[in-house]
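Take a look at this one; I'll ask things after.
Chain lettering (A, B, C and D) follows the sequence in which the chains are written, and residue indices restart at 1 in each chain.
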Amino acid sequence: MKDRIIGGYDNFVLPFMAGVIFLGAYLLIGFVRILYNIPSGDRKKLLISLITPKTILKNIRDIICDCLIHVKIFKRKALLGYMHASIAFGWFMLILLGHIEVALFVPERNGILYYPVFYRYFVAEQHHTIRGGFFFFLMDFFLLMVLSGITLAIIKRFRSIIFGMKRTTKPSLADRIGLYALWSIFPLRLLAEGFTAGISGGGFLTNSIHYVFASFFGNDLNILPTWWAYSIALGLFFFAMPFSRYMHIVTETVLILFRNAGLKVTKPRKGFAEAEIYSCPGCGLCIDACPMNVLKKNVKYSSVYFIRFLRRHNTRKINEIAQKCLMCGKCSSICPVSIDSCGIRQAQRETITNILPYDYGFLKKPGLYPVPQPDCSTDPGKEKVLYFAGCMTHLTPAIIKAMTGIFDAAGTDYYFADENGGLCCGRPLMLAGKTRAAREVIEANTKMIMDSGCNTMILNCPICLKIFREEYSLKGIRILHHSEYIEELIQKKRINVKKNNMSYVYHDPCELGRGCGIYEPPRNIIKMLGELKKAGKERKESICCGGSLGSITLNYHDRNKITEDSLDSLIINNPENIVTACPLCYKTFGNMAEIPVMDLAQAVNKNIIKNKQI
Amino acid sequence: MKHANKNIVIIGGGPCGMEAAYRLKNEGMNVILVEKGPSLGGHLACWDRLFPESIKADDLLDILKNNISDVNCFLNTEIIKMNLRNDAYDIELSNGITVLARAVLFATGFDIFPAEKKEEYGYGIYNKVITNKDLEQYFKTGKDERIPANPKNIGFIHCVGSRDEKIGNRQCSKVCCATAVKQACEIKERFPDANVYSFYMDLRMFGRHYEDLYYKAQHECGVRFIRGRVSEISENKEGKLIVKAEDTLMGKPIKITMDLVVLMAGMKNSEAGIKTAGQLAVLRDDDGFFNSEDSFYNLEKSAYRGIFFAGTCLGPKTIPETINEARSAVLSIKEYVESFAND
Amino acid sequence: MIDFGYTLNPSSRINLDNFDRNKFEKLSKSEPDVLLCIGCGSCTASCTAGKYTDTSLRKAILSILDCNEKAAVDFAASCLLCGKCTLVCPRSINTRNLLLSITKIYGKKQ
Amino acid sequence: MIYEGKKKIWSEYQKDIPDDHYFYARSCIRQMFFTASEQAFLEITRKLMGKDIFETEHHTTCGGIAYHCDAIPQETSMTIIARQFALMKKYGYENFVCSCITSFGLYNETLETWRRFPEVEAKVKEDLWESCHLEFAKPKFLAHTCDLIYKYRERIASMAKYRLVNVKTGRPLRVVEHIGCHYSKMFPSKGFGGAEYPYVLVGMVESWGGEIIDYPERRHCCGFGFRQYFIQSDRGYSLANTYKKFESMEPYEPDMIITNCPGCTYFMDRWQYVIAETQGKTYGGKGHGIPVLTYEEVAGLVLGYDPWDLGLQTHQVGSEPLLDKMGIKYDPAKKYLGVNGKFIGEPEKSPC
């Protein structure tokens, strides 16, 4: 093993070096900018997380799982996962092994950036060295791995359905440059190393190539041009990277650090959001995920394009997309990088709507919200329930009736807070970006709830639930969705339900499932009532009912298409009933479903076993 | 067996009379169609397009006309005398012909309410006030000096001479709402820069696809519907019209300057029809339209044997309804005529 | 000027000649459903905020059409965006965007 | 504007009234504010036309103002009116002519009430007898004094010394005619020309050479409105009404306003001053205001009566510019001299 080229330099490394330096500088500036734009509290959190052993371990695990192995994609579709993992992991190993080789064999060249990359050109190898042979094999193995990934990528471009994707992202110009550069990097490396294998040696792959080509050309004149081409391809790729989706290769690791430090989106285009924006790999998984895309014209509103326009600072488009979204969170939940695009959208909406005039002077009116005087005489440990039905539930009196039926059956001591109409929870305002206004509503509601002296709050509307859990500070009060409360009632035998021979399918409301992480309680309850059938897409992949308050600009006719799509997914296994746990889903489906739709409370109330003593 | 009298006199050569003539002829009757005017078609001939699908009125008219090319039609002819004689009507026509008709069908139709009677709207006094019929003529011919080249504001006033006790017509004319909405769309298509307003009391879009027409007027044509009856119109110095109404949904008076106002004149029973029927002392209701034997099962029959009604002489209705009534009257007439053959 | 103990009462009349068509076209581009209102009042009847204050989408739309932009914003400003009106509207008007658009186009930024 | 269309309407609203032998009832407002107008009517009809117009000092108000202000019930006003009619009968007349539009409207309303509700008529008859011991009667013909002047318009035109023409330019004077609301709005058939385009004043102006202005708010009330005026806190509405009318007629540059109603003459005249004081706005050429005249005053001017004898000095808006236009000679020094050259006082000059 020894340097083949005296001085260890050749002009062909220039394109590569230029690319690397450009990319390095770009990344450095970008990173500093992001750090500058995150709130100082967040910076402190980040610093602490970077020295906390637990988060360090989590960071390493996440980076390996997400950035290299692409575990999430593997889980969805193995072939797609392999495609991503083979390129990412293979390339990573090539770089790592290159560095190891430099460190082992030509330690004096340590720190020269291009050396590990063009190692085969600069270092002549004694073929019989076993150590060298081992690396030759590994290098060729990982190159083959990458090449297999590239081949799959090329196939995916033309037949994405094999990879479980109906639609893929339409690449931008920078994406195309990056894409073609990426496709050509590894075949060129193979060629360059193949041509050089006669001098520098090679493994099973490069050597074979060498033999094949040597019999054709018989000379070494091709060596330098192919190395040039390889270097140019790399340089081009690096130059294209910041402007293309390949930026995520680097940014994603930063995002993982940020996320594990507990950072959240505050501004739509700066700080954490910027890290997210640049971490989008543009894979396009969100296109198929988006419930709106049941209509082809809505594809342009997918998260991947939203992020692309954010990168381009196209405010008009950004606003249009931000306001169209249903905020169902499905794209985020399946995103390989877990980009919180709904958070960015909400932050973007704030820039539009938070400045709009509003007047909630009426919230200050005395006696706005009559509550009973808290009864201090009773045992403080006794359950005192406040039932908050919410705006939507007032349009679905059947749910209210079922809820009160359940409360009565369980002997719950409850107070119906908005029996005669109450305030909105504030979540719709939040979703619309009117956070300032929402805070005023939250304050008024908080006062009412605290005044009531309750210790348990039951909500049957997940929209309310999410904001009560996340934005309200109600110390000492358990905030439960009715599914959780009913499950508890059944477990504690406060109510008994009878099993019938009906079959049910459960629809996960966006705000309950993806929003609050409640998937099991409703299912557990339904299993006690009858047969639970599976939906086509469920749990975190459940399709929004279409009624979502998340979207601002989506019109009724487009919403109907989503409802139809969602219903199709629900009835795929021919259930007899659809059960949901959100008044809005209930109402939306109720208008269009051909089988009975009911809220969980109704399903339970219908099957409650009444106290035999009476 | 007696010689079967199959003479049927149809009074009125509008869509109703024409359709009835065609069907009766097909049933082997000897049809005499009497029309007071110089041509067939009635009001249909004055119309450009028909709601809700905007089909050409002339297309329908052509069909109706072709159907009766071999029917005896007396144009410019009126009924001078009509007497019942031996289960038949002895009818003397103004052209000197006398017919002994087994049955008579009144398809006398309607008159458009004379809009000048609503004096406060100034029809016939202000230059820029026209009626629905005038507008149809304009659509048909493209000519009307009263319609300016680039109107900025155009107003449609519903219920002119309908639902108005003051003017003696309490009934709803039924078709004007849909006509107004149709015409509002059409005029907006002609003058896309104009603001089109529609002043209504109630929008009675009762028929199939009518609501779609209303939807289109709002959504595509941006017609502003104002719930309020126009109280008065005046002319300003430039000859434009100042229209006053109330936006009853807001409870506030409205004033707007219009470049053109279209009055949706309603329907009343035809004066000529009333005159003819007067010879038989046919009963009329408070609303001026003829009384049927009963208004559910025997709508097409009169209280007199051999006298039948169809179409708008029984009250305001649309053309499809009129045509259906014509056909049902034909069935009754046929039954009636055949009842003699069986004697 | 002499104080007679009374003075000319301002007119309450709506003058539709003052209608700002350009602004309205901006609104109908932002939310085309504004054209679909039939003034039935369901929105106002179901309104969560309407229980406490004078919130009314119906009146907001009418106020715009009747050239009273300030009143329109007042009728819309107390909206909580809860979305009940969307569910009850017989014309399926996208009420929330309409309300936001009204405050956006006719209101003053805060 | 299509004149033929109007003519058609006018032809439909022609009422039949005799041109002689009337029982005359005065107007409360006019005998207070425009005394000379009523005198001019009697002069013209009795002396010039030689008609029999009877008047008695026993007749009273019709009660219209109190009735329209809700101060007295309809029964009361009907009994007052029954007494007027009874007087007519008592003095041997069967035709009734009144000088006031409010009265004319109320007489019509009362007659119509009696026609529709005979039991009310019977009750009034009883009340009349009980209270006055007078025999109940209904006039054969009811007319307003303007109806009579309208009937005599052509004869007046034939005797005219002046015409409603600008003598300097030769152009007809532009005249706003204002009809009292209660003349024909309640019962269109009771007025010449109906309610929409009343012809009664138009006919006079046309006969005497003037040109009628048709302005958008011609139908509007003068603003009197009874309660709107009599309750001070509502007076702003009264004023706003008049303002609306003047704003509407202003672009047509009218030379004068002719009215047939006591309240209208009064308010269109006086409110011009209040509008000037409160809004700073004056109408008419050079801010002189638009002269508002009764039809008798106009007839009197045309016939060559002295303007001060016609009482034009009692108007808020000076009539001199109009007199100049018509070429009528007048002595400015005699403006504020009453009967026998007695000084009747002079209005204060406006500080501005």
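Operating definition for what follows: a residue touches a chain if its C-beta (ideal position, glycine included) is under 8 Å from a C-beta of that chain, and two chains touch if they have at least 3 such contacts.
Predicted model only: the values in this text are computed from it and were never measured.
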| item | value |
| --- | --- |
| Joint neighbours of chain B and chain A, given as chain labels | C |
| Per-chain CA centroid nearest to the all-protein CA mean | C |
| Approximate Å spacing (C-alpha centroids) for the pair chain A, chain D | 85 |
| Chain B-chain D separation of Cα centroids, rounded to whole Å | 45 |
| Cα-centroid distance, chain C relative to chain D, in whole angstrom | 46 |
| For chain A paired with chain C, centre-to-centre distance based on mean C-alpha positions, whole Å | 39 |
| Shared interface positions of chain B, touching two or more other chains | none |
| Contacts with 2+ other chains: residues of chain C | 32 |
| Residues of chain D touching at least two other chains | none |
| Which pairs of chains touch, using the document's own definition | A-C, B-C, B-D, C-D |
| Chain D-facing residues of chain B, complex | 116, 119-120, 122-127, 232, 234-237, 239, 242 |
| Residues on chain A engaged by chain C in the complex (per definition of touch) | 323, 352-353, 355-363, 365, 368, 391-392, 394-395, 421-424, 426, 428-429, 432, 434, 437, 441, 547, 549, 552-557, 584, 587 |
| In the complex, chain D residues that touch chain C | 232-233, 235-237, 239-240, 243-244, 274-275, 277-280 |
| Partner chain A, residues of chain C touching it in the complex | 31-33, 46, 48-49, 51-53, 73-74, 77-84, 87-88, 92-94, 96-97, 100, 103-104, 107-110 |
| Sites on chain C touched by chain B in the complex | 12-17, 19, 21, 28, 32, 35-39, 58-59, 62-63, 65-66 |
